Amino acid sequence: MATVRLVSDAEAEANPAVKAVFDDIRATRRTDFINNFWRGLANDPLTLRRTWESLKAVMTGDTALDPVVQEMIYIAVSTANGCTYCVHSHTAAARAKGMTDAQHAELMAIIGLAAQTNHLVTAMQLPVDAAFLVED
Amino acid sequence: MATVRLVSDAEAEANPAVKAVFDDIRATRRTDFINNFWRGLANDPLTLRRTWESLKAVMTGDTALDPVVQEMIYIAVSTANGCTYCVHSHTAAARAKGMTDAQHAELMAIIGLAAQTNHLVTAMQLPVDAAFLVED
Amino acid sequence: MATVRLVSDAEAEANPAVKAVFDDIRATRRTDFINNFWRGLANDPLTLRRTWESLKAVMTGDTALDPVVQEMIYIAVSTANGCTYCVHSHTAAARAKGMTDAQHAELMAIIGLAAQTNHLVTAMQLPVDAAFLVED
Amino acid sequence: MATVRLVSDAEAEANPAVKAVFDDIRATRRTDFINNFWRGLANDPLTLRRTWESLKAVMTGDTALDPVVQEMIYIAVSTANGCTYCVHSHTAAARAKGMTDAQHAELMAIIGLAAQTNHLVTAMQLPVDAAFLVED
Amino acid sequence: MATVRLVSDAEAEANPAVKAVFDDIRATRRTDFINNFWRGLANDPLTLRRTWESLKAVMTGDTALDPVVQEMIYIAVSTANGCTYCVHSHTAAARAKGMTDAQHAELMAIIGLAAQTNHLVTAMQLPVDAAFLVED
Amino acid sequence: MATVRLVSDAEAEANPAVKAVFDDIRATRRTDFINNFWRGLANDPLTLRRTWESLKAVMTGDTALDPVVQEMIYIAVSTANGCTYCVHSHTAAARAKGMTDAQHAELMAIIGLAAQTNHLVTAMQLPVDAAFLVED
């Protein structure tokens, strides 16, 4: 169904570069589950490693934002970019990290509102107020 | 420069429907400043009022999310939708509400990362893992 | 399959805030059918009500544009935003309101043409002709 | 400022393939004005001709939709695609063809509403109602 | 499942305008296979012919770019525009024309990287360096 | 004008993490010129380094695709994502690496054509032909 094959655990075992990333995903996330995103990327071990290391650097460890907030930002971008898989995976992740129904409802209300005002602004082609500009 | 005129304070004074919204914006935000978004919308008093009431309902009062988090989600959607004015206005708002440089940097890193994985997923057309689906 | 549950009629009956909106949708549209958009939104009665009231204010009553034209504009935006559900629901609505096959064909031709020239313009980064600017 | 040069009238005079299209634009539109879109495209006479012929076939002559409606659909797509130049040029065209302020205001309200519901639907990942599907 | 019917070979045989295009697609591509894009478009013979002639003019014959490069550019645009059908059809076409797994992997890496830097730039609202501007 | 400050060479000299990346950009590209993208990112040295290392890994060295092809793919994605800065910077880069006017013209024709067929497909909501699916 995808445009690439999904790499199985057996295939990952046979490829040290893939195995190393799958092992690190499992250790970092404390779960045996490897979702399809990584199985698709594993066709290209270099992009697999680079993408995982970026995601690990940004989303884990000593972050400036709460993990639930991080996932809500991820849902917001994924929704605006129209990525079905990403909306599903990051909504599941946000819930697993503690997002409440009230937070999810408010997230969706903000996404809808922002889309509305984004389009109104673009239709009006408004100049940016001087007060919003960073002095340089 | 815009596709509509920007309604001045003098014009707003002469139109009770516009004046009522401008007054409420000033009272709610505790500032005399009315930014161009509302001055453009004021050409259509009904959409002005409806949009302001939606924004006020979602973004102010007793919210489930912190005001800085709300603005960061707004920036995320506005960036993905490519709205120059909106990125400027909500970045200024987030800073005014206390967003730190570290939070802004992490917000941008997540936006960039999400865009990257959104596009990789779309290029691969991956099926959603069963584990992510809500039971119904 | 969705990221939220779909609220059933039995559940709506048990929640006065949801029931009031569902009743008004049925009365306004003169049909018993409540489509999934409202059943998903009903998880958040405030956003349900606010969204329905906006849609009712814009799309029904004494409008400046013909109902078929309104739905065709809705299809155009939904297509450009890549919303599968919305393209389906508003194409069905446009047909129910009298959109002919010839109008649908021309709508699609314009959407395709606009997308083409939008992308050509963006690739060329053209300055806006002075003749197109609103005097202010 | 653009990524291509804008072809002047003098240059167009010297290139028969460009001149033929510029002449036809002027004759069809009954104006001497050639806007920057065509001056940018004129760097590639084949794409210039193909694009003009498509636009002429879809937007002029014996059309199924009113010219103002055609331009409003064009504005809707251009807004959702974030094309500054296109929003300006087609808003000017719609006004020149008779779009009233009330129609413009309603167009913008529908664009904003559609963007909002598009994003809400994508965030909820709703299944399409069976009632909306075309039988085949 | 679609918003239009898919035109069958029997129906195409009965409509000379459709038959002429289907015949030319088969002759140009040296295959009997007509994919769903053309079967959907065939509801509107004029758009069918115009679209096929544009695609034939751009993508076949004496082109400036290699056919595999053309298809990779098509995949890139289709991915950024979130078109599931198009990503599938042009990935299949690129492979049929000789795209290697290494080229596909690098294409996806560039698409992901570009999306990331596109969003970072939009979030930062950077001014274009003077060095990048075309002199005019 | 941007939402972040642009880091000057003097400031970069004072920050070893930034200086190391700027030095590597200069060495890798054999030029003293550091464009605004890196000066904006330099507010966050970690994202600066991570982004540069990703770009260097994908776009330089022993690549599967020709450097001009890489830049054309980058232009295609940047156009579809509506990133003004990125369209300018990568068009300049493609020209610097040898993209001819004929290649640029064909690139733009393909981008326009793909946008057109992407939107037509989305408006028609076509099912993917079985022939395009990867067996798994």
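Every chain is named by a letter (A, B, C, D, E and F) in the order it is written, and numbering of its residues begins at 1.
Here, contacts are C-beta pairs under 8 Å (C-beta built on N, C-alpha and C of every residue); 3 or more make two chains touch, one makes a residue touch a chain.
Since the structure is predicted, the reported quantities are computational estimates derived from the model, not experimental observations.
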Any chain in contact with chain B as well as chain F: A, C, D, E
Over-half contact-pair match to B-F, picked out of the listed pairs D-E, D-F or A-B: D-F
Separation of mean Cα positions, chain D and chain A [Å, integer]: 34
Approximate Å spacing (C-alpha centroids) for the pair chain C, chain E: 27
Interface hub residues of chain C, defined as touching at least two other chains: 1-4, 6, 46-47, 51, 54, 77, 79-84, 87-88, 91, 105, 107-109, 111-120, 122-125, 133
Arrangement of touching chains [line / ring / star / complete / other]: complete
Touching residues (chain side chain B, partner chain D) in the complex: 3-4, 43-44, 46-47, 51, 77, 81-83
Residues on chain B engaged by chain C in the complex (per definition of touch): 1-6, 46, 50, 54, 57, 133-134, 136
Chain D residues touching chain C - in the complex, by the definition given at the top: 1-4, 6, 33, 35-37, 40-41, 47, 51, 54-55, 58-59, 63-65, 69-70, 72-74, 76-81, 83-86, 88-89, 91-92, 100, 102-103, 105-107, 109-111, 113-129, 131-133
For the chain F and chain D complex, residues of the former touching the latter: 82, 87-88, 91, 101, 104-105, 108-109, 112, 119
Chain B-facing residues of chain E, complex: 75, 79-80, 82, 84, 87-88, 107-108, 111-120, 122-125
